[in-house]
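Naming follows writing order (A, B, C, D, E and F), and every chain is counted from residue 1.
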Amino acid sequence: MTALFLRDLRLSIRAGGGALIGILFFLTVVAVIPFGVGPDLALLSRIGPAIVWIGALLAALLGLDRLFQAERDDGSLDLMLMQETPLVLTVFIKCAAHWTATSLPLVIASPLLGLFMNMNETAIGATMLTLFVGSPAITFIGAVGAAVAIALPRGGLLVSVLILPLTIPVLIFGVSASYAAVVGPAPFLPPFLILIALTLFFAVIGPAAAALALRNTAD
Amino acid sequence: MSSYAFYVYGSYGFAAVVTIAVTLWTWTDGRARQKELAALEAAGIRRRSARPKDEE
Amino acid sequence: MHLTAENLAARRGEDLIFVNVSFHLQPGEALILTGKNGSGKSTLLRVIAGLLRPEKGSVTASDSVSAGRRPAAEASHYLGHRNAMKTELTVAENLDFWRSFLEPRKAAGLSTEEAAEAVGLPGITHLPFGYLSAGQQRRFAFAKLLVAYRPVWLLDEPTAALDTSADRLFTELIEAHRRKGGIVVAATHQPLGLEGTRELKMTGFAGVDQGVWG
Amino acid sequence: MSETSLAISKFSDLANPTRFLALASRIIPWLAGITALCFIIGLYLSFSTEGDYQQGETVRIMYVHVPAAWLSMMCYTIMSISAIGTLVWRHPLADVSAKAAAPLGAAFTLLALVTGSLWGKPMWGTWWVWDARLTSVFILFLMYLGLIALNRAMDEPSKAARVTAILILVGFVNIPIIKFSVDWWNTLHQSASVLRLDGPAIDPEFLHPLLIMAIAFTLLFFTLHLMAMRNEIWRRRIASQRRMAARMASREE
Amino acid sequence: MTALFLRDLRLSIRAGGGALIGILFFLTVVAVIPFGVGPDLALLSRIGPAIVWIGALLAALLGLDRLFQAERDDGSLDLMLMQETPLVLTVFIKCAAHWTATSLPLVIASPLLGLFMNMNETAIGATMLTLFVGSPAITFIGAVGAAVAIALPRGGLLVSVLILPLTIPVLIFGVSASYAAVVGPAPFLPPFLILIALTLFFAVIGPAAAALALRNTAD
Amino acid sequence: MHLTAENLAARRGEDLIFVNVSFHLQPGEALILTGKNGSGKSTLLRVIAGLLRPEKGSVTASDSVSAGRRPAAEASHYLGHRNAMKTELTVAENLDFWRSFLEPRKAAGLSTEEAAEAVGLPGITHLPFGYLSAGQQRRFAFAKLLVAYRPVWLLDEPTAALDTSADRLFTELIEAHRRKGGIVVAATHQPLGLEGTRELKMTGFAGVDQGVWG
């Protein structure tokens, strides 16, 4: 299984440039918002965590639809389906590799963006922490969409449509935990714990549903 | 009713339009399918189970 | 290893492709699937590999006639039309990955370099897979079967794009596998030159099934 | 193995498409009749009762809005149950049920959204706010549309049904979010006053027309659902017979 | 050439619903935003044009990288390269088809989103207009990236580094033209004209560069 | 139509694959490329098709020996290892597209249905290309050569994945093309059964070229 993890990581580093696309898209989003909001620094720092979260969410969508499609196209998926190792585990590892290659860099880059958005240290720390904890959930949800996408002639947008609504709870609790850490009065811990719970929940549900979809779309 | 009439009748009106549209659509769809089935029947294509025994 | 298919039927789209396919393969036996284009050879192989759900029937593998049966997929290597190798990675990386993925406990498989030698292409495993010619790619796809041991080999036109020397090489590799008690099911249009094989001629299209809707 | 397949064959015997069609054609006229009756009573009641002292005449919107909102959620629940039927028992009628329910669900959700907006303008002074209840219903609407599109995007019905079923089930997380959004986030929207554990907290003056209208809408849903399922079965039967005919024609040549 | 345009359009529509999916996707993105930034209508209407533009960018990026990759993978690209018709033209047509299938529906749907974001009529009109004029530039820039991506088997990184920064000017002028139309004091016309100039510029440069890259990829 | 290659040399990666390949093909002639896997057959075909830049030399086509010469690519059909068909579209849509793309003026090509009949698969052009078996796909890829007329056919293992009846069919189609004055260059591992062909045996690896750095 480590072999799979390493291979996927290597593939995204070598061919995809996934991480960089994500980060650049992330930067683009963050660069454009101030033009919308105007130079109002207070406002910027207020909506900062939300923008960072939305950027991360959208960036994660880029390339996610090819997660299984590429494996299908070259026949690797067939071999993976035949194994004794539970398919759920394979999917889980692939998600983990994808997260490491695309979302983890975003998490690491987020303090930089926080500085752009004029956020203070607590806010930056809180955003980074919530992003770190919450972003895997997005990948796991996306995996379901990616698995469904291989049954479609062209996945792309439709998959994102189906997936985005499911990520909303993650977004809500991620953002509200970040806010709670900064402005209060609501405590930070409850939404943060819910966020962890969501990630754990989707870490189970996502790969299971994706595995189910992969089994049912094979032809 | 007075000033709110628009909202009240608006929502009832919209509800009527939507429900009637959906009902009509379902119904016409059904009629179209039945016609197609009849046409197939007329063309001599019948269901296995509906075929007379001696044909089998 | 015994491979048993009972009463298989499979459907592609809405058509039944074959019905009532049964066979029992003893250790060392080979079954060659022949038939016209579109007659269902690949379909049957995919059913055996567990990649297509059969409409009826089942395929099982067991260590001996009496032993417990398990799905054939887990005991099988499948070499399909597509090579299941990543063009961005080198041959060695590809093979290493499949070795550890297919056989986590590192048992009976050859090393990457040995496998490359066995398919007649030693010394170029450092090249990215995408840089190879069609026949070289096919050979390394075959090398995948050697780096991890599986008793059953399911081969879909293994010799497509191969030159004659590679044809012979493959035949020998398959024969060696059979001598060790392995089972081979291969779909092919050209005689593979194997000895003592059984043949199953696919005919394609076994009727439209009205299914539950009729 | 043999036992389960026996069970499945019995189960499908009970509800095979042909029997379903016979049953449906017997039930549908009755159902339609009762639906019409309920609508007549419900509409009469909803326009003859008093207005609310606070909300005035606009309270009458409730009699459409709330049933539509309930149905939008119930429809999704029915689709989820069908999805389980598709995935676990692979029952063809479950495929048909989920497929037939999606457009109806979309219609009722649209109804809830529009009547809600029409109620919101006089009550809150705006057509639309991005509060949790409203947005989650909007998301439900988008999900219905997405699922319809997904089902259409694949041309093999049974595969389409299985794939869609998985997403239906995953998307079910939205339903509790809609239901409890008013409790979890303080929003403009009313919190539950009918469907609550400690009994309805609403004046019977409004409760009666509301309940009758709810029953009417539910019956309407079931009537339409049965009809749509019947249409879908016919559609598949036609497709299968056409294919048969094409094959037979090419054989005779 | 119409044949190519129609084929590409058909391919994108085959995903089921085509244009509708694009709109649905856009709607979903926009519906997700308020969950992040909160239900504050004044704020929403302020960041509205920026959100609409970011949504359009995302929709255009999703799937853009496969523009030529898909053609290469199945061998169609070889045949296109062999033709007498100038390759630039072929690339241009492919871009046009991609824009028609993914960006045009967004342009058409943008007023609806404007309503959701509580934007006023001027803002909606301005956003729609700038989107209509500016979004082709994104596609043309993306085409270069898509072509370079197949030229360099491991060039994924380079693509994103090249492409996303190039889209930022388009985004900035698009968004600032929209704002100029609404709030002033800056005039609407200068950024709008620059936007037009950008689109025309990239309509020439993009296909030419992409064609050049494609010629040099072939292997 | 005359096809002339002069002093061709090509490089793959850093290695020279062949040097000094020259030939001149008259109308109706066929050149068969043979050689081991990786010997450069596909490379030569891609050079002729203009898809790879030759290291040295040039390939040209001309209507008569004296007439103006133009790049061979524009006068050629290329059937590579990959089929150049979209799996999402139906066969008819694919073929129609290639017809109007390759021959905007709608001249000498067959209609889609005729082409399907010529490759032995009439009546299934309404199916999505992805639903076909490997051999059926290959046949329709070949049908592409029939819907638009090009005098030169460059075929890379045209008969891979084909059954024997299709093999014969293809041979006949190629012969018919030659009788009409067409030129065929084909790389293959199996004898195609063509008459009066010339053969070019590729040997692969013509030396590492020191290039400008040497």
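Throughout what follows, contacts are C-beta pairs under 8 Å (C-beta built on N, C-alpha and C of every residue); 3 or more make two chains touch, one makes a residue touch a chain.
No experiment lies behind these values; they were computed from the predicted model shown.
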item: Set of chains adjacent to chain A and to chain F; value: C, E
item: Between A-C and C-D, the pair with more C-beta contacts; value: A-C
item: Angle, in degrees to the nearest 5, of the Cα rotation that carries chain A onto chain E; value: 175
item: Inter-centroid spacing, chain F versus chain E (mean Cα positions, whole Å); value: 37
item: Chain B and chain F: spacing of chain centres that average the CA atoms, whole Å; value: 54
item: Whole-Å gap between the CA centroids of chain A and chain D; value: 32
item: Distance between chain centroids, defined by C-alpha means - chain B, chain D (Å); value: 17
item: Touching two or more other chains - residues of chain C; value: 13, 81, 87-88, 210, 214
item: Per-residue multi-chain contacts in chain B, two or more chains; value: 47, 49
item: Multi-partner residues of chain E (each touching 2 or more other chains); value: 11, 14-17, 21, 24, 28, 31, 35, 38, 73, 153-154
item: Chain D-touching residues of chain E, taken from the complex the two chains share; value: 14-17, 20-21, 24, 27-28, 31, 34-35, 38-39, 41, 44, 116, 118
item: Of all residues in chain C, those that touch chain F in their complex; value: 12-13, 35-39, 41-42, 81, 131-136, 139, 157, 160-166, 189-190
item: Complex contact set, residues of chain A against chain C; value: 1-4, 6-7, 10-11, 14-15, 73-76, 78-85, 218-219
item: Residue ranges of chain D touching chain C (in the complex, touch as defined); value: 12, 16-17, 92, 156, 233, 236-237, 239-241, 243-244, 247
item: Residue numbers on chain E that touch chain A, as the complex places them; value: 11-12, 14-17, 21-22, 24-25, 28-29, 31-33, 35-38, 43, 46-51, 53-54, 57-59, 61-63, 65, 73, 102, 153-161, 164-165, 167-168, 171-172, 175-176, 179
